[in-house]
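Following this line, the structures themselves.
Same chain, two partners: chain A is paired with chain B first, then with chain C.
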Partner chain A sequence: MKTVEKVVNPVRRAGEQSPGKIYNEKLKVRARREWRGVRDTFYDYTRWLYLMSVLGRFIVVPRNIKGFFRYRWMMSYLFVPHGMDKFTIGLRDEALRIAHTSFNFVIADVTQAIANCFRGDRRVGNDKAYSDKCVITDENSMVTFMMGFDTDKVHTILREVPTMFASNIFHQFNVMHYLDIAQQYGIPGDVCPMPEAEAGISIEDDFCVLGCCAVQNNTTCDGSLMGNGIIAKRLEREYGLPTFQLATPLRHKEPDVLDYAAREIKEAIAFVEKHTGEKWDWDVYFTAAKRVNDATRCRIAQMEINSTPYPQFFGAAFSLYNDTNYMGNSGRNADFVAKDHKLLALAQKGYEAKRMYAREYRHRCIVWGVQPQYCIDMLYWMVQCWGVMPLTDMLSVINTEMIAEVDTPENREQAYRDMAMLNMEMIMRNHTHGGYKVLVDELWELCEQMNADMVMMWEHMSCKALTGMHGQFEEQARARGIHIMWVSHDLCDPRVFTRQAIRDQVNSYMRTVLREEPLDPSLEIIPDNEAY
Partner chain B sequence: MSKIAKIPLILLGIVLGFFVVTFIVYFFNLDMKATAMLEPILEKWYDRLEHNQYI
Partner chain C sequence: MRDLKHLIYFENLLQEANHALIAQARADGKVCVAYTCENVPEPLLNLDRACSIRLTAPHTGSIDIATYYMTNLLCEPSRALLERAIEGGYSFADCVITPDGCTMMNRAVENMELLQTMGKDKPGFFHEYMEIAFKNTESDVALSVLQCTNHILTPLHDNYGIDISDAAIRKAVADHNRICELIRAIGDFRKEEKPRITGYEFHVLCLATYVCPQYLILDKLEETLEELKTREPDDKAYRARVLLVGSEVDDSGLVKLIEEQGAFVCCDRFCFGSYPGRVPIVLNDGEDALTQVCRHYIRNCQCPRMMNQEKVYGRKQYVAELAREYKADGIIYQQVKFCDPWAYERTLGAAMLQNDYGYPVLSVDRPYNVASSSGQMRTRVQAFVESIEIKKIQRGGKHEDR
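The block that comes next holds the complex of A and B.
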């Protein structure tokens, strides 16, 4: 089997050594916050104050209070600080600052998204002039087709992000109510619970209703397609919102699909122009394209740092930040540029100082498959408990090509192809669809590139896209001498696999197959199944 | 001591008081513990709301 050199941390971590002590089975939250030494505890405290200020500024707006009491999913946002604590377990120094810088920014972005939803919502803010310039898109939709619209004139509302995706990060039981609603209406329980919960939210009439039109994307699976149909029906027939179906080719590595995909993008843009009354602006597009390229360069640099023995930006915060920046932003918001560079500077500083975030790194791991790591502190736990360093995850392995960023007649035509390429290779489509090469072969290339000796395969038991490849992964991992650790889960339905049931699969593999002992035994069993 | 000379001391006292109180809330996770107590009440509120369920 392939082995990597064990890296031992020569520096004793500041503050407490075993974060397992802060969990308490009688509480749904942590017993207390982690003691990280004076400097890092003070830093964490100041970021907690910042989060409190973000939440406070949001809730003092009367329409936001009205929205809070109207929508059940808003309850999750009371637990934002708890969610942040999940993503900083055991972290110190630069990694702590990176997690806060990235995730605090995502939280501020989501808070703004909720405020925007409530402003236009017919039941809450009912600002009609604002709503008439809003375009609703899917949670799993890449918003490249909005890159050329001035953000002051046309507003992109990814209303499923705050309603389902982000709310589930802070409260693991939050979407169970909506899953039950969907299943009461006969939706089968064996589809992915993410689109199923979105369908349940629509059935329950718990989405904000705003906008002049909507764009839906044929995203990734049977569940998404089913959910989109239910949601579109309500949008069009009940709320009178015309809904465009952006049909994106799934075999995105085939060159002959690009022309078709570019035509679809053109039609989506024409649809938005027609309903908003605003025109596509090439200056705005190419400014956004420059930002997309800049974000791509920063992400490649972060991956290069993670290829060394001293990874810095890792875990769920890495994935969530990339997800928000690449897919939800797509170069439209200039604030991401400064954050990208700040995060890169922090990572470079940590790398130069050879910072480590556990006593030792025993394994270098690629996290692959459909991942539930947002509602569980799994990736940080792996490092702290077993010394398994997650170098990157499947959803963060996205486009590395530069797109045209100079306004010329040729590049205007190329721009449609670039937007189509980004859209086809968006998160959750770029590896789960596109064939054998992107799902299986690219994993082994990545193991080589990042010097990984282990793959943690998230096996989402309701996801049909990956289960068919199980045997291929097993066979090829064996041939290459890569440890492959299967970890089953059911994404955002904790009734099927609890947090400890998920962790126990890693515990069993590490003890019985690799015959290793945990770095921190206080973390092997954590009483947090009932915690938010 | 003149009133003006006392202002920095009063400000310092306010800042220190704010720090001590908020740090205790932060470190002992009192914010989240209090929120967790609110959750069952909010659940009942949301359960009482009427919804136009439709598929």
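The block that comes next holds the complex of A and C.
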């Protein structure tokens, strides 16, 4: 089997081996804050206060209070501070600052998104003029088709971000209700819970009613494609929102689908123009394209740092920041540029100082598959408990190609192809669809590139695209001498696999297959199954 | 009713994936084009010396090896096909063409490719994967034309020298239409008040047209049609006429089981059924045949993965129209367990057909091989038939026109 050199931290970090002690099974939140030494604990606390100020500014608006009591998924709002702590477990120095810089920004962005939803919501804010300039996109959508619309004039509402993603991250039980609703309606329990939950929200009529039109997408899988019908029934037939289905080819590596995908993007843009009354602006588009390229360069640089013995930006914060920036933003928000560079500067500083975030790194691990939303701190736990360093996850392995960023007649035509390419290669589907090569072969290439000796395979039990290659992963990993550690879960339903059931799969593998002892035994069993 | 002369012959053909007619076709010098999805335009697989064979896995028992490769979370048809391929059951295939239609079937074929289950001794053997249209626009027709050219016509021509000219396509369409016309004519007898063909018999005949080289069964289908014209129907009333909708039904035992409960399967609207798979293709001389074939498949496609609203609601309308045409008393929406597309389609379809169109609907999932859970299915169907029957009695025994 392939082995990598163990990297030992020469510096003893303040508060090491304490994280396991801050959990208390009688509480739904942690018993106390993590001790990280004076400097880092103080920094962490000030960031926590900043977060409270973001949340406070949100809730003082009367319509947001009304929305809070109207929508069930808003319950997660109460648990954001606790949720943020999941992204910083065991972190110190630059990594702590990276996690706060990236994720506090994401939280502020999502808070603003929710505020926007309530502003236009016919039931809550009922700002019709605002609502008439909103375009609803659904389920994990990539918003490249909005890159050429001025964000001050046309607003993009990603309806799944507050209802499913954020909601489940901050409160593990928050999505279960919508799954139950969907299954009560007749959808089987074996489909992917992500689109199923979103369908459940539509069935229960528990999303804000706003917008002048909606754009749906066949994003990640058959379930995601099929959920559109139920959601569109609510949007179009009951709310009267014209709904466009943006078809995105699955075999995205084949050149013979690109023209079709580009035509679909053109159609989507024309649809948005028609319903918002706003025109596509090429200046706006190419400015956004420059930002997309800039973000791509920063992401590549971060991956390069992670391929060294001293990774800096990793875990859930890396994944969710990339997700937000690549898909939800797609170059439209200028604020991301400064954040990208700040994050890169922090990572470079940490790398130069050879900062480590555990006592030792025993294994270099690629995390493949789709992570469970309700166990978002898993990767931090893995490095703290077992010294398994997650170099990158599948969702962060996205486009590395530059798109046209100079406004010329040729590039305007190329732009549709670029948007189509990005749209086809959106997060998750760029690996789970498009043939086995992007799922299986690219994993082994990445292992080589990042010098990984281990793959942690999230086996999301309803992700048929991934589990359909189970045997191939097994056999090919064996042939290459890569340790492959299967960890099953059900994405956003903790009733199927609890958090500890998920961690126990790692515990078992590390103890029985690798015959290793944990770096921090206090973390092996954490009483957080009932915690938010 | 008197037994159909060729029924046992056709039933026997369905007992094996690699049956006698495939051997005969190979002996005739045919190129066997294996495929797995009804969205692949069938006439293009029957050009010149090529003949289409749809992959099925009759009498599926253990699927343990396939389950190792794909886990028990994927639909049984995809695992059954992979298992059969690993066992060597599709050694006849000269190529496999499959769309990235549903993920699970796509993964099954990819596993077949990676495990080299076929074609080791065939230099021209190839696997091709196609993108399938999502909507019914002209843009989708253009996509389909390009995909068929790149992934069906060109490889067939380059690897096996198959004639892919416009004339060859037109001939294949004419042959295809003859099969469609026969199946439709046979199926039309199901509209009769006292039908002279059972749903089970029709299913056997229809399924045979997908899994057999069509040119080898044409004469027997023609003979069966003639036989039916004079066949005396049983003088018995069925308890309920039902329309069967959903994912592929490769096990005729399902239709038999439904009919054993006193129902009559008056129409079929499932993958590889007669609707829309056996609707003839009308060609004109003003446009190339390939484009017209692709347009036919896209316009007529009833696959749940077609995602634009016209198609989403059109599918329910289509089922309602069939139910009306075939005088169905109720509709059975069925889905092979773990099939994502039909899981959603069944849910929305069942709700809309019941609430918007007023049909009683049984919505049920099932295994690929129905025999493995016939008791459960029997109970569900019995209850459904009884509920329809009670409603009928309440109406004075009359069929309800909707």
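As a convention for this text, the second predicted complex is superposed on the first by the 526 of 532 C-alpha atoms of A that agree within 3 Å, B and C clash if a C-alpha of one lies under 4 Å from a C-alpha of the other, contacts with A are read in each partner's own complex, and residues count from 1 in each chain.
As a working rule, a contact is a pair of C-beta atoms (placed from the backbone, for glycine too) under 8 Å apart; a residue touches a chain by one contact, two chains touch by 3 or more.
Remember, predicted model here, so these are calculated numbers, not experimental data.
Enquirer: Check chain A with both chain B and chain C modelled on it and let me know: fit or clash.
Expert: fit
Enquirer: Touch test for A:245: chain B only (first), chain C only (second), both, or neither?
Expert: After superposing on A, A:245 lies in contact with chain C but is clear of chain B.
Enquirer: Give one of first, second, both or neither to describe whether A:72 is in contact with chain B, with chain C, with both, or with none.
Expert: The first partner, chain B, only.
Enquirer: Which chain, chain B or chain C, ends up touching more residues of chain A in the combined arrangement?
Expert: Greater contact footprint in residues on chain A: C.
Enquirer: At the CA centre of chain A, how far apart in angle are the CA centres of chain B and chain C, to the nearest 10 degrees?
Expert: For this superposition the angle at chain A equals 130 degrees.
Enquirer: On the A-aligned overlay, A:234 touches which partner chain: chain B = first, chain C = second, or both, or neither?
Expert: First partner only, chain B.
Enquirer: With the two complexes superposed on chain A, say which partner A:185 touches: chain B (first), chain C (second), both, or neither.
Expert: In the superposition, A:185 contacts both chain B and chain C.
Enquirer: For A:205, using the defined touch cut-off, is the partner it touches chain B, chain C, both, or neither? Pick first, second, both or neither.
Expert: first
Enquirer: Between chain B (first) and chain C (second), which, if any, makes contact with A:21: first, second, both or neither?
Expert: Once the two structures are laid over each other on A, A:21 reaches no partner at all.
Enquirer: A:263 contacts which: chain B (first), chain C (second), both, neither?
Expert: A:263 sits against chain C, while chain B stays out of touch.
Enquirer: Identify the partner contact of A:222: answer first if only chain B is touched, second if only chain C is, both if each is, neither if none is.
Expert: Second partner only.
Enquirer: Could you look at A:82 and tell me whether it touches chain B, chain C, both or neither (first, second, both, neither)?
Expert: first
Enquirer: Rounded to a whole Å, what is the shortest Cα gap between chain B and chain C in the overlaid structures?
Expert: Minimum over all C-alpha pairs of chain B and chain C: 7 Å.
Enquirer: Output the chain A positions appearing in both contact lists, the one against chain B and the one against chain C.
Expert: Overlap of chain B and chain C footprints on chain A: residues 185, 230.
Enquirer: Within the complex, which stretch of chain B touches chain A?
Expert: 22-23, 26-29, 31-33, 35-36, 38-39, 42-43, 45-46, 49, 51-55
Enquirer: Residue numbers of chain C touching chain A in their complex, please.
Expert: 68-71, 73-75, 78, 100, 102-104, 106-108, 110-111, 114, 129-131, 133-135, 139-140, 142-143, 146-147, 150, 304-305, 307-309, 312, 335, 337-338, 340-341, 343-348, 350-351, 363, 365
Enquirer: Write out the stretch or stretches of chain A touching chain C in their complex.
Expert: Those residues of chain A that touch chain C are 185-188, 190-192, 199, 216, 218, 221-223, 225-230, 232-233, 236, 243, 245, 247, 249-251, 254, 256-257, 259-260, 263-264, 267, 433, 435-436, 459, 461-462, 464-465, 467-472.
Enquirer: Can you name the residues of chain A that touch chain B in the complex?
Expert: 27-33, 35, 41, 45, 48-49, 52, 69-70, 72, 75, 78-79, 81-82, 181, 185, 203-206, 230, 234, 238, 532
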